[in-house]
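Listed below are the structures to be examined.
The two complexes that follow have chain A in common; it is paired with chain B in the first and with chain C in the second.
Up next, the complex of A and B:
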């Protein structure tokens, strides 16, 4: 597998799995506006995944659905941060903010790529991600503004910070540290990243659920 | 002169005119040409090639647009070849001025131009967004997200109506 395909699959898998996780709030978020927001964000992320899978599929001679749904678990390239099932609000918001911050850094780097297709798709994705970042920052600012909520953010950060570092390659991590520390107003611990290549146990359950319809239909079924 | 004329070959203008008849699947007051998703048309004998640049990448209307373009081209007696361009060529600035006015008249506030800069929370909260019903700029952001990924929800303090604001991307 080429480095290019590996990169496209890492990006696409992150967006697909996080899109799925965000969609788990549809109907049960703390209030209606957040049902709408997390559902829209999920829809965008899955749209990004589809476009990225299509670029990879062109090189591999397959299609986007096969890449999204037919691979064995160990071939997924998603980062463990997006695989975690976090149906608790402070953790969801902290994961959302950490992922969007890391993703922004990654997209900025890709927009400068010599590969024009990758640079173009990164720029197109970033137009939509601007609104995810606005939403994530609005929430993290809101939670950091009260003592009770701030302590919940701190607890979530304790758990999720090593995972957030694992979203990015070594060269981009210092920028994530800089942006995250600027937002929370304190130094974050130097920890070993939970990196891409290992998977959370929760991913297995998600894949079973995510591929249920596809596995139930005969090969080549059209919808 | 008999007065009869025979069209020997389709021109790109014929195709543009046909595609301009296709309404947006979600907001049918505006055509897909007004929306700016048709980036280019090439006619080669019986084959019509369309460069189609998607709007929001997760928009479920994209497949419908593609099928309707293919049907319109077949209706002209040609074979369609609609290629999805996955580059960064679509932004809300591609919506035509006629398209913007049609959106506004239907109660959707058209997107602000990108020249105002990358959107920020401060701008969404404090910027001069006009109510499509009464024209007042005394409006407030209710939710960054709305019924579809392309829209936000705002509320007009002057005429006390909620409205949908197209996001600028």
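Up next, the complex of A and C:
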């Protein structure tokens, strides 16, 4: 597998799995407006995944659905951060903010790529991610503004920070540290990143659920 | 959930702003994102206006003690008069046709 395909799959898998995880809030988010907004963000992420899978599929001679649904668990390139099942709002928001912050750094680097297709798709994705970032930041600012909520953010950060570092390659990590510390207004611990290449146990259940329709109708489900 | 915003949307350039609905949000930042997602994510709006409900002056009481019907567009009923005019026109046509057919006392 080329480095290019590996990069595209890492990005696509992150977006697909996070989109799936965020969509687990559909219908049960804290209030109606947030439910609509968070579900819409989840759909956007899955849309990004599709575009990225299509690029990779062209190189591999397959299609986007096959890449999204037919690979064995070990071949998924998603980072453990997006695999965690966090059905608790403060953790969900902290994960969302950490991911969007890391993703912005990654997209900025890709937009400067010599590969024009990669640079182009990164720019296109980034134009939608702008609103995801606004959403993530307004939430994190709001949570940091009250003592009770801030302590929940701190707890979530304690757990998720090593995972967030694992989203990015070594060279981009210092920028994530800089931006995250600037937001929370304190130093974050130097920890070993939970890096791509390993998977959370929860990913197995997610894949079973996510591929259910695909497995029941391999020729393509119709509604 | 402190604030309610009334949302107006414009479907296409040149069209009037029309009331789309309302959203509840803790502050303006949240309101902007929520309005975008609820009234713009399907490309159905070209522009949105967000108006804090408190900024709206509502007038909901109208006095018409002297029944000044003539000031209303529906003040004159022309339905009956139209009916009469149509009947008269029909009658005139019938008489003309009868005369031209040679009937002296139709």
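Going forward, the second predicted complex is superposed on the first by the 217 of 223 C-alpha atoms of A that agree within 3 Å, B and C clash if a C-alpha of one lies under 4 Å from a C-alpha of the other, contacts with A are read in each partner's own complex, and residues count from 1 in each chain.
In this text, contacts are C-beta pairs under 8 Å (C-beta built on N, C-alpha and C of every residue); 3 or more make two chains touch, one makes a residue touch a chain.
As the structure is a computational prediction, the values presented were derived from the model and not from experiment.
Visitor: When the two structures are laid over each other on chain A, do chain B and chain C clash or fit?
Guide: When both complexes are placed onto chain A, chain B and chain C end up clashing with one another.
Visitor: Using the superposition described at the top, determine whether chain B or chain C touches more residues of chain A.
Guide: Here the partner covering more residues of chain A is B.
Visitor: Using the superposition on chain A described above, determine whether A:31 touches chain B (first), chain C (second), both, or neither.
Guide: second
Visitor: Looking at the overlay, what does A:22 touch: chain B (first), chain C (second), both, or neither?
Guide: It touches nothing on chain B or chain C.
Visitor: Applying the touch criterion given at the start, work out whether A:79 contacts chain B, chain C, both or neither, answering first, second, both or neither.
Guide: Neither partner.
Visitor: Between chain B (first) and chain C (second), which, if any, makes contact with A:124: first, second, both or neither?
Guide: After superposition on chain A, A:124 lies in contact with chain B alone.
Visitor: If you stack the two complexes on chain A, which partner ends up touching A:101: first (chain B), second (chain C), both, or neither?
Guide: After superposing on A, A:101 lies clear of both chain B and chain C.
Visitor: Taking the superposition on A as described, I'd like to know which of chain B and chain C A:142 touches: first, second, both or neither.
Guide: second
Visitor: For A:134, using the defined touch cut-off, is the partner it touches chain B, chain C, both, or neither? Pick first, second, both or neither.
Guide: both
Visitor: Under the contact definition given at the top, report the residues of chain A touching chain B in one complex and chain C in the other.
Guide: On chain A, the overlap between the chain B and chain C contacts is residues 33, 36-37, 40-41, 131, 134-135, 138.
Visitor: Which of the residues in chain A end up touching chain B in this complex?
Guide: Residue positions touching the partner: 33, 36-37, 39-41, 43-48, 50-51, 54-55, 116-117, 120-121, 123-125, 127-128, 130-131, 134-135, 137-138.
Visitor: Touching residues of chain A toward chain C in the complex: what are they?
Guide: 31-34, 36-37, 40-41, 131, 134-135, 138, 142
Visitor: Which bits of chain C are touching chain A when the two form their complex?
Guide: Within the complex, chain C touches chain A at residues 1, 23-27, 29-30, 33-34, 36-38, 41.
Visitor: In their shared complex, at which residues does chain B touch chain A?
Guide: 56-59, 86-91, 118-121, 124, 142-149, 167, 169
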